[in-house]
Amino acid sequence: MEHVTKQFGGLTAVNDFSGEIEKNAIVGLIGPNGAGKTTLFNMIANYYHPTSGKIYFKDQDITEARTEDMARMGLARTFQVTKPFGDMTVLQNIMVGAFLHTTNARQVEQKAREVAGLVGMTCDLDMIANNTTTVDKKKLEIARALAVGPELILLDEVMAGCNPQEKLELVDTCRKVRDAGVTILIIEHDIKTIMSLCDKIYILHRGEKLVEGTPEQVANDKRAISAYLGEDFDNAEN
Amino acid sequence: MNNLFLSILHGLILGGAYGLIAVGLSVIFGVVRIINFAHGAMLMASAYAYYELFTRYDVDPFLAMIVIAPLFFVIGFLLQKVVIRPLLIRERASVLEPTSVMLFTIGLDYAIANLYLMIYTSRYKTLNTWAYSNYARLFDGKFVTQYSRIISFVLAFVVAGILWFIINRTELGKRIRAVSQNRDAAALCGVNVHTTYGIAFGLGTAALAIAGACMASFYLVSPSVGNVFGTKSFMIVVLGGLGSIPGAIIGGLIFGLIEQVGAQFITSTMASMLSFILFLIVLVIKPDGLLGKKK
Amino acid sequence: MLKISDLRTGYNGGEIVHGISLEVPDNQIVAIVGGNGAGKSTLIKAITGLIPLTSGTAEYNGEKLNGLSPDKIMQKGVCLVPEGRQLFPNMTVEDNLDIGSCTKESRKRRKENKEEMFQIFPRLLERRRQLTGTLSGGEQQMVAMARALMSNPKLLIMDEPSWGLAPILVTEMFQTIEMIRDRGTAILIVEQNVGKTLSISDWGYVIENGTVVMQDVGKKLLQDESLKKAYLGI
Amino acid sequence: DTSDANAQDTPSTGGNVVKIGSLWPLTGGSATIGQQHADGAEAAIKEINANGGIKSMDGAQIELVVADTQTAADQASVACERLITDDDVSLIIGAYNSTCCISASEVAQKYSIPFISQGGVATDVTERGYDYVYRINNTATFDVQEMIVALDEVCKEYNLDTLTYALIYENTDWGSDNARIWKELADERGWTCVLDEPVTNGQADMTSQVLKIKESGADVCNVSFYTDDAIVFANAMYANQVDLPYGIWSVGGGWQDSAFYESVSPEVYEYTFVQEDWDMSGVQNKEWIKEVAQQCKDTYGYEMSSFFAQGWTAAYVAYYALESAGTTDAEALRDAIANLNIQNSDEERALLSGYSAIVFDEKGQNTFGGGPTGGTIVQYQNSEPVALYPAEHSSGGTAVLPIPAFSER
Amino acid sequence: MSYKGNSIFKGKFFVWLAALCFLVAPLLANTYMQSILILVCFYAFAAVAWNLICGYAGTMSLGHSVYMGIGGYISTILLETKGVSPWIGMLIGAAVAMLIGVVISYPTFRLKGPYFTLASIAICEIFGTFVLNTENLGPIPLKGGSGWSLTQTGYQAVMYEFRSKLGYYYVAFILLAIGVFVTWKMSRSKLGYYLVAIRSDDDAARSLGINVTKYKLIAMGISCFMISLAGTFYAQYFRYIGPDRIFGYDLAVQIALIALIGGQGTVMGPVIGAVVLVPLSEYLSATFAGTMSGLNLFLYGVIMMLVVYFMPHGLCEYVVKAAQWIEEKLFGAHGKRKQSKAASK
């Protein structure tokens, strides 16, 4: 990403952001509410186009590509507010993702089951997606995104609304996904998760990149603490 | 004073009436998210109410309005509260246009239109009121139009203004807007959702009844009169932006203008086609209508 | 103040909450914690009338709440800050607060209440004319709380108020919650941030699969080994 | 079974019941007109039954089975099929709209059941080479021709070399056919068209169109509108005081509907020429027609119209055919229709519609025995219709021409 | 309306039973009944075509009859002016209708919910008004408001004209069978899954690499193709085609109603809708139209309201329940197991 800027009317949501996501890493994106994380995400996924700046994926300029082409190129995403296909079953939801590279329903179903296993869906796969629990909906989001066979997956606050135990589960899932060869960019508010999971962290503040570095570097950064982590960050750690 | 100028005036006058007929539809959609396909039929029903009062008791529709509009408020209110409410509760709250409610209103449209056909037969009736058979002659008598049309034009703005005021400037309006944006949250704030829906539905229907008084005094009354204005009202509210009150009036004015001014240059059938084509173009360029808000 | 006995409820015939009893005394913070899908939100929805209960009772100051619609329950003084904030996105902050006080009595005190809210949440004063849909997550949460407080509720129920908030805001929010309690409002809170919640609450319930499995003073629950394992990931 | 039940209700007969299908648009766009046709047919059949039914069939009573086309061609076809196969009718009258006449008669032909068409003016009705399809009324050509011929006389009388005319008409088959034929005939005479204006049905305001007529400066204006548009149009013409020295000439339609006259004030239609598809003068001249008109008013609540008269005539033609065939056998019935020769006399009740005769040619089209096709051109004078043309139907009045300008009325 | 509805009748017994009924019924019926059966097949086929895009992708069109009109007009004009057999004309018409449908839908698919619905009505009106007012479109005669009355070809099957009702019936039935088969195939294929995904949430669908416009256009193309075949059938069967009906809002609503009341977005819904609604409206108009004009349509409206009221998701749901119940009775636990296994697919 180079000098990416996005403006909504007069408001600059993301300002001159540059950064890089290495292959097979887990990169965290954190920052206060309204910092522009989701907006940045949406630009990478080409849901919005940047007002200025360029985005490259696998050395290709994708700044002006369409959302639907991104999945084909190997980039998948989840939504901050989960968006399951409500009328379908869990399995059918995942199958929709898996149909991207083949039309053979049998293969698709097999793939979907595999992915469901990978993320550890606990519920009955024949349940109507709308009726599942929050965690399962989050997992379903991940599974569906994985089913398209991405190289990079963007996770937007997948752990919000989960208790620490469940977060651990999801962290586990993320690791498994990474081990399966998928790069991850993750937005999260839970510091502990981020710290333990990520190889690299960006902190975004009022649309601008504040800090960039490994978890340790970030944790010790004064600016990061004052803008985001809060004075009693240390207490929370304990 | 050439014909073009005259037809602009006539277009505006007619457009005002169109807007008035459409405004009730827009209010109902804006709040309850329902396109009331029985809109035309209800307009027709109100016109027959004026017809009865006029032929039996010689009450002018513009006077009878004082009774009929509140009556239709009650009818709209009850329709929503008693009949549509269970359907709405059953649908997922997020559905943009609840299909079952849409189907229901189509059924209602059939039922009302044909009920009136049974009662009144299909004969055309007109109400020879003072405002129907007397003409205002302005600009040296070049611009001639029924008084009823002028009254309708003025009423369009009055009604739209009142509705706009109620919705945007009053306590009730705040509740109506709250309910239209988030039904459950409004309930949690102590707003009685279905009463509010009912009120919105009632307001829309009452506005329609006022439009009915206008229509009955410048057009004619028959069971099929709803079709003449029904489809057009749908187009008008969409053109102006579904749910927008000023949008409905502007949409109406545009339709009236195209019909009348267009007819000066091309045949009127081509002009009416033109209005549909314009409608499509506007939608393609601005999918939420002229004054519509993006959701 | 609020007394729930053997409450059962669910969606479309499927029972999710299997007989929960709990109590919220005056002037206390009572917390409900539990895993995802345990039925916490469902319980809250049943109490506030958003979904019907199949059996059991919810009593508020001795009055039964069963079968009342959400607006009636709210008018009695039970107010909910719902999961996911649920604001009116196309209305201004101020309008949102006004709606919060649209019952007869609270309308009379609207002005004072609003001023008080702006004292508690000075950020909102700056943004009073902004549409809430364009506020940041933290600001939205403030509006949601302020809106609920506008009616001077005697019991405030909160469903996951820290959802999606940056850590710095989470800390602020818990401080605010304690402050509200100190102003004389009982609070029933459902939270995933188990540690912080239990540490400020007077009593806590742990819910699993629609039943209460544990209850105790908040701080004591925090010491419980099994709970630590299950919810704190320690 | 209904036929048995009905037979028992009417013990005065030999017990036979003959069913006739009566197919009209009772709902949808043409419902007003369709209902009047249905009423006319019903009144006629009531009278026939009261007079002893079909005498050649031991006084068999006629049962009218009414069906609705919903003003839609496909529904008409289905309804016709039902009349034939389910209700077992021996013969069908109806369907008013050309499109419905065409599609319904298609079915009748297939089943070899005689279809007596009334209303549809499209040439296709009788031009398809179908031997079970007959049409009583004239085609659009005749209606317009009658007016043009009358205008010829006017031209002669007032020494006009040429005329300028404006055409305004509803844009479905009926209106556009009329306009087309008018143009053809007017071209032959070297008249000039100054305005050709099709209009979609259901206009809430026609001021713009009327202003165009005013601007065109036409001598005459030919109009084809159904009732709703006719009311709006006439009012707009009056309001804008459009002066046409040789008048508005309406091809019936809305101007034949009594609802029109109840709806607009007399000044509005004063001096208008209307081509009525029946003998308007009859109502003034003949006692029995006056009685029928009174009956119509008493039973159905409106002034008798050409639509009522044509429904009536269709029912009578069906009755005559049955009477002369003496059987319900389709082929015999068809031959009976083909050979019908109903000639005008002062007492001929079948000719309420004022046709000079009913005689079908080999295509099934009524030839009117070469005489007038029943049409009368009237001018409203002092808000009363005065029958003027053709001479056979004239009530002896004279046309008020050129028409005084509004400013001088 | 649940997506699971697609997996109905997996215990194929009922489908074959229904197909058998459809095959045999006309042989036992009198010609009037046959004509009703033809209408059932005709409307069912049109509703199936409508359902393919509008039911599955949730784009509620109330102007779909326009493509029927295009198909019917093209085959008729080819037959009347060039003597082209309607069998060929039907395919040409369908291809053109498909093309027009795709071109028109490309911009209008940007519209959501009620906006799309109302735009579809406008399109229908535009075409209707155009044909109504156009005698000749360049060298092509359209015949304006008078429409086309088809000349007889002497009952030649190669010219799509049959002496007996049965001929028309089996044509309609085969069309319907093809329509149902296509829908069934589609519902279990990539396209079907994608359409339902788009209906639920098109943003989420996009993020999974679904080209929303493309798949909707494909479905639209198939749907237009099919419904225009119904147009040719209409022209041939009624032997008259005119603009006011076939390009009219009423017919479009009628088709949509059949699919909606039967069960939107299900394979058999439109068929069930037609089986119930067509005979119902015919019965009402046979019984009441002559008694009092309007009574039949009044009752139709009332019945419709009641159906919506008590069966909000369409008749399909109840038919499936009934079928499952019967199946259970007939085949016992075995049937049930089969059912649940099928449902899991």
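Just so it is clear, A, B, C, D and E label the chains in written order, and each chain counts residues from 1 on its own.
Methods note: a residue touches a chain if its C-beta (ideal position, glycine included) is under 8 Å from a C-beta of that chain, and two chains touch if they have at least 3 such contacts.
Computed from a predicted model, the values in this text were never measured in an experiment.
Both chain B and chain E are touched by D. The greatest centre-to-centre distance from chain A, using averaged C-alpha positions, is reached by D. Chain A and chain D have Cα centroids lying 75 Å from one another. Chain A and chain B have CA centres that are 47 Å apart. Averaging C-alpha coordinates per chain places the centre of chain B 43 Å away from that of chain C. In whole angstrom, the spacing between the mean C-alpha positions of chain C and chain E is 50. Within chain C, contacts with two or more other chains are made by no residue at all. Counting only residues that touch two or more partner chains, chain D has 27, 31, 35, 171, 198, 200. Residue positions 129, 132-133, 293-294, 296-297 of chain E are each in touch with at least two other chains.
Of all possible chain pairs, those that touch are A-C, A-E, B-C, B-D, B-E, D-E. Chain contact summary for the complex, chain E toward chain A: residues 1-4, 188-190, 193-194, 196-197, 199-201, 203-212, 343-345. Listed in rising order, the residues of chain A touching chain C in the complex are 11, 30-34, 80, 131-136, 157, 160-168, 189, 191, 227-230, 232-233, 236. Listed in rising order, the residues of chain D touching chain E in the complex are 22, 26-27, 31, 34-35, 38, 65-68, 70, 72-75, 77-79, 81-82, 84-86, 98-99, 102-103, 106, 122, 124, 128, 171-177, 198, 200.
Interface of chain B with chain D (complex): residues 3, 6-7, 10-11, 13-14, 17-18, 114, 117, 121-126, 128, 133, 135, 144-146, 149, 218-220, 222-225, 227-229, 259-261, 263-264, 267-269, 272. Remark: chain D residues 27-29, 31-32, 35, 171, 196-200, 202-205, 207-209, 211-212, 215, 227-228, 231-232, 235, 239-241, 257, 259-260, 262-265, 302 touch chain B in the complex.
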